[in-house]
Every structure is written in C-alpha cells, then in structure tokens.
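These are the structures in question, set out in turn.
Next, two complexes with chain A in common: one pairs it with chain B, the other with chain C.
The block that comes next holds the complex of A and B.
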C-alpha cells in the first residue's frame, strides 16, 4: 500500500479565512460606522469649528467651545439638572421595579394579567405620556387640581409644572411611571431564573421572609439589579420628550436638562458648533456616572462566576 | 489520495460556499444602502407640483390657497404643515442638507436675516421691483420693511401681518365696574380688582402668556416695550438699557401674580381657551382672536367681547408690536423659480389677503392697506378693524438680524426666569444685554 505524499497546506489558507471573515462582517461594520462612528466624529469635528445649521465648518475655533461647554455656568447647570433627574429616576425605578417583581414572583393568581397591564405605560409613546400628564397637572382644569380642590385640600391651584422644585419632581414621577415596567420585566426574568434549591434550603433552615430576601434573593439578584440600574441611568440621561412636551425646560430654566439644552442650541439658536461641544460635555458626564456602575457590575459578575 | 482529494475538494467547496455567502451579504448590504438613499425631493414627473411649507397657525390659509391656486392655474400644490416653532429649523435644514423639499417657504419675519444668510431664501429684489402686479406700495410699510428686508434686499412678501390688541370680556369688566384700560397702570389696577373679587370663582382679571417658546413670553414683553418707548424699537438690537425696557419688564412682574395661574405654563392655545370660556377679563392677543370669539362652536363669549389698542406706558404711546408675523419666500433650490414666485405673488395679493382675513380659521391678518381700508374687512370685524387702523402706523419690529434667533431665545430665557422669580427685572435685562453683546 502506498501512502500519498501529504498535500501541502496552502500558505494562503489562514489569510483567506481572515479575508472571508472580514467580508462577512463588513456590512455590520459599515452599519456601525455609519450609525455610530460617523455622527460621533462629526460631532467632535464640529465642536472645534464655528458652525451654524446653514453653514457648517466656517472656521476653526480650537478648544474654545469645548472649554466653554465645561465651564459656562448655564451649561454646567443643565448638566447638573440631568444628574438631578437621572439618578433619582433610575434608582427609584429599580427599587419600585424590584418590589413589584418580587410581588409578581410570589403571585399565584392573576400574575400574567397584571404583567400585561403593567406594560401599558411602557407601550405609551413618550410624547403621548407627556401630553396626558401635562393635562393632569394643569393648574386649571387639570385632574389633580380638581381632585385637591374638590376635597377642600387647596384653595389655590397647585403649580405642579409651574413651580420649583415641583416641576422636576413631576418629570421624575412621570419617567418612573413610564419606565418602571421595563425594570419589572428584567428583574422578574432574573428572579425566575434563580435556582429554587437555594430557597428550599433556606426554608429547611427556618429562614423567614425577610431573612430569605436579605441573605438569598438580594445577593443572587444583585448583578441583575445593577445591570438594570445601569441601563436605566443611561435611558434617564437621554430624557427629552417629557421635557419638551411638559415644561419646555421651565419654569425659568429649572428643567432645562443637558439633552434639551443641546436641542435648543442646535435647532433654536442654530449654533451647531456649541451644540457639538455641549454634546461632548454631556457624554463625559454620562461616562463618569455610568463607569462606576459598569465596574461594579463586572465585579459582581466575576464574583458570581467564581462562586 | 482519494480521501485527501475528497477532503481537499470538500474544503474547496466549503470555501467557495463561504466566499459566495460573503459576496451575497455584501451585495445585499449594498442594495439595502442604495435603497435607503432618499429621493432628491424633485417635483413629480408629469404634471408640475409646487411644494409649499406652511406654519400650523396658517394651515387654514394654506388649504384655501391650495384650492384657489389649483383652480386658477391648474398647477398642483402640495402643502406641508409644521409647528410654528419648528419652521425655521425645517427651512434651514432643507437648504443645508440639500434635500430641497420645498419651493415656497413661509417664514417668521424675525428669521429673515438668519435665513437669508444661510441661503435658505432667494433674493427677490429684482422681481418685486419690476412686477407691478405685486403692488409693493400697497403693503403696510412697517410690515413690509420688517418682514422682507435684509441688507437692502427683498427676501419675501408679507403673508400674515400679526400684531396684538387688548381683548376684553364686556360682562366681566362691567360686573367689576372697570373700563378697558388706556395705560398699563390702569391695566394693573383693573386686573387686581377683578382677580381679588372673583378668583374664588375661577375668574381672573387677565391671562398672561409667559410660556418660553417662540412668541408667547416675547410678545408679552414687546407689547410693553413698544408702548413704553417714545422712540421706535431698533430691529437690529433693541435697547434693553432704557427706562422703557425696565418699565416693560416690571409691568410683567407686577401683573403676573394677578393673572390666571400660571403664566409660565400658558401659551397662546391655553390663553385662548381660557378667554373663550369666559373666565378671563382681558387678554393681549392677535387680531384674528375676534373671529374665534364670535364662533359659537368654540366661544362662550360671542357678542360679549371687545378690543382696543394696547395700553400705553408713561412716556409712551399706543403701538402695534409686530408679534409673530409671517412672510412667504422662495427656496433658492426650487426647480421652477418662476412658478414658485407666481405662487408667492398669488398668496400675498390684494385679493387673497382680503379673502383670507375675512375667512374664519385662516390665521391670516391684514398685510395691505387696501385690506385695512376695505368695507368687506371693516364689516367682517368692525371692532378689530377700527383698532388696527389706529395703531399700524406705529408698528414696532422685533429683532431681524441674523443673530435674531439667539437674541430672542436668550431674552425669552431671562424673562422666564424673571417671571419665575429667579431674576429681578433689572437682572433679566442685564443678563440679556450681556448675552446680546457677546454675539
């Protein structure tokens, strides 16, 4: 029996595989480049230039606009307002979401129906949510003022959206109303995936409800909670619809958050360069807030995988 | 050998399949991207179609013009309606992006400088000067100058001549023993009296438009600035350091606590609804409010309202502040410039202006002297016509320079903070002056 000489492996084999791989992901890369990278690069470039909506890239202005975005009082105030909105809205959504998810987890009857009903705020378009709540908060003819006046609790209309800090609080309430179902869904899914044996063991050991939650449920669900918190913080920083519809940044400038401020600068003042610089400052803020949460999440996931 | 050949063939076939898949994926992506590319916005093939950008308040007028022009010329007209506070953005983006979706653009007159500088409006000087049918001299001069001129050139023709009058509810004033005020001090006293006596019933002496967006809070301020000033407002940079400016700002702050709650949330729509419901004694508003007030389908005060010129301040005189105000211009990228100009001429003509101002719901007010003086207009809205005739000779413009959008926004922001209580009137004006100096 003769053995054939081995066919030499083609020197181009691995290179061809790489090329085919690149060719296969090229459309996806192109999509990412167009959707994400190009706008980001454009924003950075425009922030270094004097640009208006009608005439972009008129001249180079260097770091001036970016420095202004980080040091201007008005701009810094809008960034702080974004923080003032996003953190409470996210934390409260997650906490309330956890409570509701735990209730649904233990619900023996009607849980499915409740879950469907709960999705309604999430399915409501943000603009519509803003319109509905704005009407309910209206000083004359609004639902809340009518109820308060009818119950004799107030003699003058309450300026829910026309006074500070009520306006910001109302925006946070509406955001929580709209996004808590999102948190509930994700946390509920995490609770459903937890191992039952641990609970059975806790029961055998005589752990009560609170002890079980503190020692079993919470540690197991914490990585998911932090993930949901991270997502919700990012979503909350991006708020625009509610501010646009309900307050237009008022009263005064009390709800003029960073995203709304960028809109005003770009599409009402037509100053594209300044808007680009403000966008960069905003991205830095979001990164500063989200990075620690992401780091915490990574640590929890690593600890969980080692356990 | 056979096995290796089979393996080699298999590898070759597998590789070929992968290459084919890659090619197919690339072709698919390319095809998808090509399909995503937008059209040029050109007119439809075959019959000509004029594309007109109209602001929401003039939607009624837009539809009427569409019907009239199509009937008159056979040219199809496509109307696109956008909210009034987005029309400037739309026009500039259309020009800058190259989408060129509009032939004729309705613009807020304060943006004439910004739009002209952004090449979003065509220079119509030669055409307007030559075409006698336009009858330039018939336009109310202050309106024509403010609405159409930038650096000595003409960029549009007036379409809707907006100004404010002081409307009042006859019954509420009579019940409280007050007459329509002629000075801002009288106005304040009347508002206080009516509100103190009636707020438990949900009735207030006045409603103040303090919403920050576009014309609302700006109109409230300019109504006072125009009537406190003894000299005309500089349309390039109004003087906010003058005693008249401070008096105007203070007048807003003094009256706000006695007007319907809460001024910072009230724009025209909310103010109109309150006034038409019969709960408001007085309201500063545009001249077409009269047509809404007489419409029984939406008004509870038909035949129970009146209108007078705005009060005057100490040292000032009654005036017509040009609050809002719209013109029609031609996009430089319109494929058929002559057709676009023809539509503009038609829409701003004597006949159409008279027809639209005497049509309920058109949102159009007089821009021509012939309209103001016509018997038809006077009989359609005698109260408003009489008041307008008194004041339009002293029309006062808002800023119209290319920086006008920024100037108006910074003014609105500071006035909003003033109404909210974060700034005093002096601080609000100083902050605005500082912002304007930086431009």
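The block that comes next holds the complex of A and C.
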C-alpha cells in the first residue's frame, strides 16, 4: 500500500480504500437509519392505520387521519403555535445576539468575563431553565410579582403563565435567555473573521459608525446571520421541555406547540395513528419554514464566494 | 456545507477558542470608534450580563431561602438555610438522578464519538458516501426529536431495553451522532492531506493512518465535540422521559419535572435539586470554555 487515498496510483488501491471507507462509515449510516429513516417510515405507516401505543397497526384507515391533521382546527392550531413560538424566538435571539456580539470585545477583561457568563444559560438544562423562570414568574413568591407588588404597581398577582398571550411571551423570553448566547458566540466568531482592511478602508473614506455597519459589517456578516437564524429556527421548533415544565400547554391550549401536542396524543391518549399524522403535518411546516432560509443562505454563500 | 465564507485559516482553527483574543487585537476594526459607541457598547454588555446572570443567581438564592420566605412577598430573604438542600436530597433520590444523568451522558458521548470519528475520516479522506452524505446525516438532526420518539419507544420496548441505562445510553448516543459528525467535519478536513500521504508512504493503511496520525492531530476537536455531545445528552429531557420510568434509571431533568406533580409547593427543594443538576455543566463551562466555544462555533458558521 504505497498509494495515498486521493491520488491512487495502482488499480488495487482505490477499490480497497472504497471498501474500507464504507466499512468505517457504516455504523454512522446505521445510526441515521435507526434514529431518522426508521422513525420516518414508521410514522408514515402508522398514520395510515388505527394504532394505539399498546397495539400498533390494528387496521388500515387510509388518508383520514392525515386529512384531519391538516384540516382539523384544533390540530392545525397546535402547528401554528409552534410557528408563533419559533419565529419570534429565533428572530429576536439573532437580533439581540448581533447587538451583543457587536458590543463584545474579548480583548478586554470584562468582555472575556461576559463571554463566560453567557455560556451559563446556554449550558443550563432546559428543564432547569423552565424551573428557574417558573419560579421568577410565580404568582406567589415569584421575583417579578414581588418586585411589582413592592413597587406598588399591582395589587393582585400577575398570572404570567396563566394568561393569554402572556404565557406564550414568557416562553419566548425564556427561550431567548437560553439561546441568545449561542447566537452571540457564532456571530462573534463570524465578526472576528472579517478582514481588518475593509474597516480601515471605510475609515479612510470617512464613514461613520452607523454607515460602516450598514454598508460594510452587515453585508459581510449577513451569510453568518442567516446561518444562525436557520439553526435557531430548527432549535426553536424542537421546544418541548419548557412547555412541559412551565405551562403544560396552557392556559387552555395556548402554548400547546406541535411537539407537545404529538406527545399528548401519543402518550396520554395512546393514539399513535393520530400522533403520526400530526407529526407529518409538523414536518411539513418545519420544511416550509426552514427550506427558504436554507435556500437564502446558500445563495448568500455562493454570492460571497464569487465576490 | 462545503462553501466557505471564511478564509481557509489553515490548521490554527482548531484552537479557535484562543484565536479570537489575538484576532481582536489584530483585526478588531472597531478601535477607531468614537467615545459614545464605546459607552453604548459597555451599557449593552452590562445589561446582557445582568439578564443572563440574574435568573441563575435568583435560583441560587431561592434554594437557600426559608420556605415561608419563599412564599412571602419579600424579595430579600430574612435569613439563609440549608433546609431545602437537605430535604431535596432526603425526600427525593436527587443523588441517584444525578448519577444516572452522568452515566448516560458519558456513555452516550463515547458511543457517539466511536461512531462519528471513523465516519468523519472516511468522508474526509476516503470519499465514502459520496457528496451528499453530509446533507443526509445533518438532516437527521433537523427533524424535531418528537418525530423519532414514538418509533424509538416501540423499538426499545421490542428489544427489551426499556427502563435501562443501557437502552437510554444507546439511543442518546445514536441521537447525537449526526451533530458530532457535523461538528467534527472541519477538524478532519483541516488536517493537511500530505500528512496522510506521508503516513501511507511509510506503509500505514487507512485505519492505521487514522489511529496513529490523524487522530492525535484532531484530538482538540474530539475533546470539544465530546464536551458538546456530553452536554446535549445530559440536558436532554424528551428521550429519558419516554424511555425510563423508575427511579433507578431516571435522569435529573426527568426527576425534577416530576417534583412539581404534588399538591405541595416545593419551590425551595426544586431550586436546590435544579441547582445540583446545573453544577456539572457549569463546571464544564468554566473549566473547558476554550474547548466548548471551539466545539460550538466549529462547523456552524462557515
């Protein structure tokens, strides 16, 4: 074996390498098959059948459940709840993350300390993040109500998690608290990788701070921002823990996001068929939202590499 | 994923955590900003620090408050006590939950790395899987975990690994494989191919090249991605919620989520138990921040 992988000199080398390559990647492909391909096939099949958690695949029922998932008001509403949560949470995290990243200067001691502080919310297990904020929002003994009452602003406790639309807003706030640091880290890394020369050129041209940001920094960092936005939207659609701990989908069905709705249908009503159909509707929504962002991102990246 | 907006920054990128500091001095570009922007930046940074730190400080304070102080409307406690901590550990198996969490996270991390590392090498060097394999692998991570959870529940039940740390570790390990592969990709591609070629001229086959030559070079990346994988599993809730139902296998997030079931309001104990669970990841964040930031930013913005 005297050949290097990329430039095979003998006829025997590449074939052997290809075999070894497949052998090395096989466990990863098996993992993807188990955690993604099998569940997807299962979900599609189960949504065409009458299935309970105890006895899946009792009989075939055709398109009925899928049609219901896409047309039934209640089920569609839970899909829209996910949208209502994910889009504001993602956009705000990225915008706030950009502002903080622009302000952060890790060349100073303070900047480095803040970067460590920011890791903490990101590292906090979401269930614990839910507990923390549930305590802060609590009607009796919660930080916010204590402060509001102490300042004489309210006489009755504010039901942050028991009122609409306050509950959804609270969930979004917690999500922003947890995930903005992630956005800051990524955006900051992108800002650091920008060439100093363009700033100097802008300075020579007499551009002010705002002008420099608008016509130099922002266009250069935009591809990274869109990447972060895409990641954040994907993460926000996964939300489950916060809802489970803080609101259980309430008040009413106000925070009953798709993940939580599927969980309830499958694990509390044991109706796997309906849960499968709801899952498919949810996947369609995630795709409809993520795909344009992904397309926008690759277009920006292509434009960037041409320039 | 292969398009890059960043300059190909050679090998030094593996120490990305340290790079920004030097880079800030070198490039920074904002040193000529007028005084008012600097003041504004300081305000933003201070506000951010307060926003991110305050809830954690509040949790710590609640965990040391007397139960009647918690339910009163005073913000500052009248005194501190260990009562919540001792009763959290006495009345709930918090120590067992924590042990389960650590075991599952460590085992899943090892499983994920053992699967990801050979795959990354095969993709970067042996052209295994073709051009689109990364898209396939990453898309497995895009789908919300709720999609996979019911079929996995059925599968785990069928193979008899329900409510066991082995089953939980296996499923969690497989679930983080796509993330691990995605984050490791750049580290492998940044190893100059000449190094492989030299090893192969010396008579190493692909596997020997991976183990003896490439692996030591990507070790920083493996550590960083290992930490990220550990934390992802440690923090996870949905999978352990579905796959374990007895105290001997439940992880800390599951245990804590169950503490709020009762009639009694147990804020103090929940705060103490929650804080217990946050300590391990916070220690990782403090002592491994360089690796952690490297692992988190690697692969994402490129």
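Methods note: the second predicted complex is superposed on the first by the 278 of 307 C-alpha atoms of A that agree within 3 Å, B and C clash if a C-alpha of one lies under 4 Å from a C-alpha of the other, contacts with A are read in each partner's own complex, and residues count from 1 in each chain.
One rule holds in what follows: a residue touches a chain if its C-beta (ideal position, glycine included) is under 8 Å from a C-beta of that chain, and two chains touch if they have at least 3 such contacts.
What you are looking at is a predicted structure, and each value in this text was computed from that prediction instead of being measured.
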item	value
Which superposed partner A:20 touches (first chain B, second chain C, both, neither)	both
First, second, both or neither for A:252, with chain B first and chain C second	first
Contacts of A:117 with chain B and chain C, given as first, second, both or neither	second
Chain B versus chain C as contact partner of A:181, first or second or both or neither	second
Chain B versus chain C, judged by how many residues of chain A each one touches	C
First, second, both or neither for A:270, with chain B first and chain C second	first
Which superposed partner A:234 touches (first chain B, second chain C, both, neither)	second
Contacts of A:55 with chain B and chain C, given as first, second, both or neither	first
Overlap of the chain B and chain C footprints on chain A, listed as residue numbers	4, 6-7, 20, 24, 27, 31, 53, 56, 138, 140, 267
Interfacial residue positions of chain A with respect to chain C in the complex	1-7, 17-18, 20-22, 24-25, 27-29, 31-32, 34-36, 38-40, 42-43, 46, 53, 56, 99-100, 102-107, 110-129, 131-133, 135-136, 138, 140-141, 143, 145-147, 149-150, 177, 180-182, 185-190, 192-196, 198-200, 203, 209, 223-224, 227-228, 231, 234, 237-238, 240-241, 244-245, 258-259, 262-263, 266-267, 272, 275-276, 279, 282-283, 286, 290, 298, 301-302, 304-305
Contact set on chain A toward chain B in their complex	4, 6-7, 16, 20, 23-24, 26-27, 30-31, 52-56, 138-140, 155-157, 159, 161-164, 248-254, 264, 267-271
Chain A-facing residues of chain C, complex	3-7, 9, 16, 19-21, 23-30, 32-34, 37, 40-42, 44-45, 48-49, 51-53, 55-56, 58-59, 62, 70-75, 114-116, 118-119, 121-123, 125-129, 133, 136-137, 139-155, 171, 174-175, 177-178, 181, 193, 196-197, 200-201, 203-207, 210, 231, 234-235, 237-238, 241-242, 252-254, 256-257, 260, 265, 267, 270-271, 274-275, 277-278, 281-282, 284-286, 289, 292-293, 296-297, 300-301
Residue ranges of chain B in contact with chain A within the complex	1, 4, 8, 15, 18-19, 21-23, 25-26, 28-29, 33, 85-86, 88-89, 92-93, 95-96, 114-115, 117-120, 200, 202, 211-213, 260-265, 274, 279, 405-406, 409, 413, 416-417, 419-420, 422
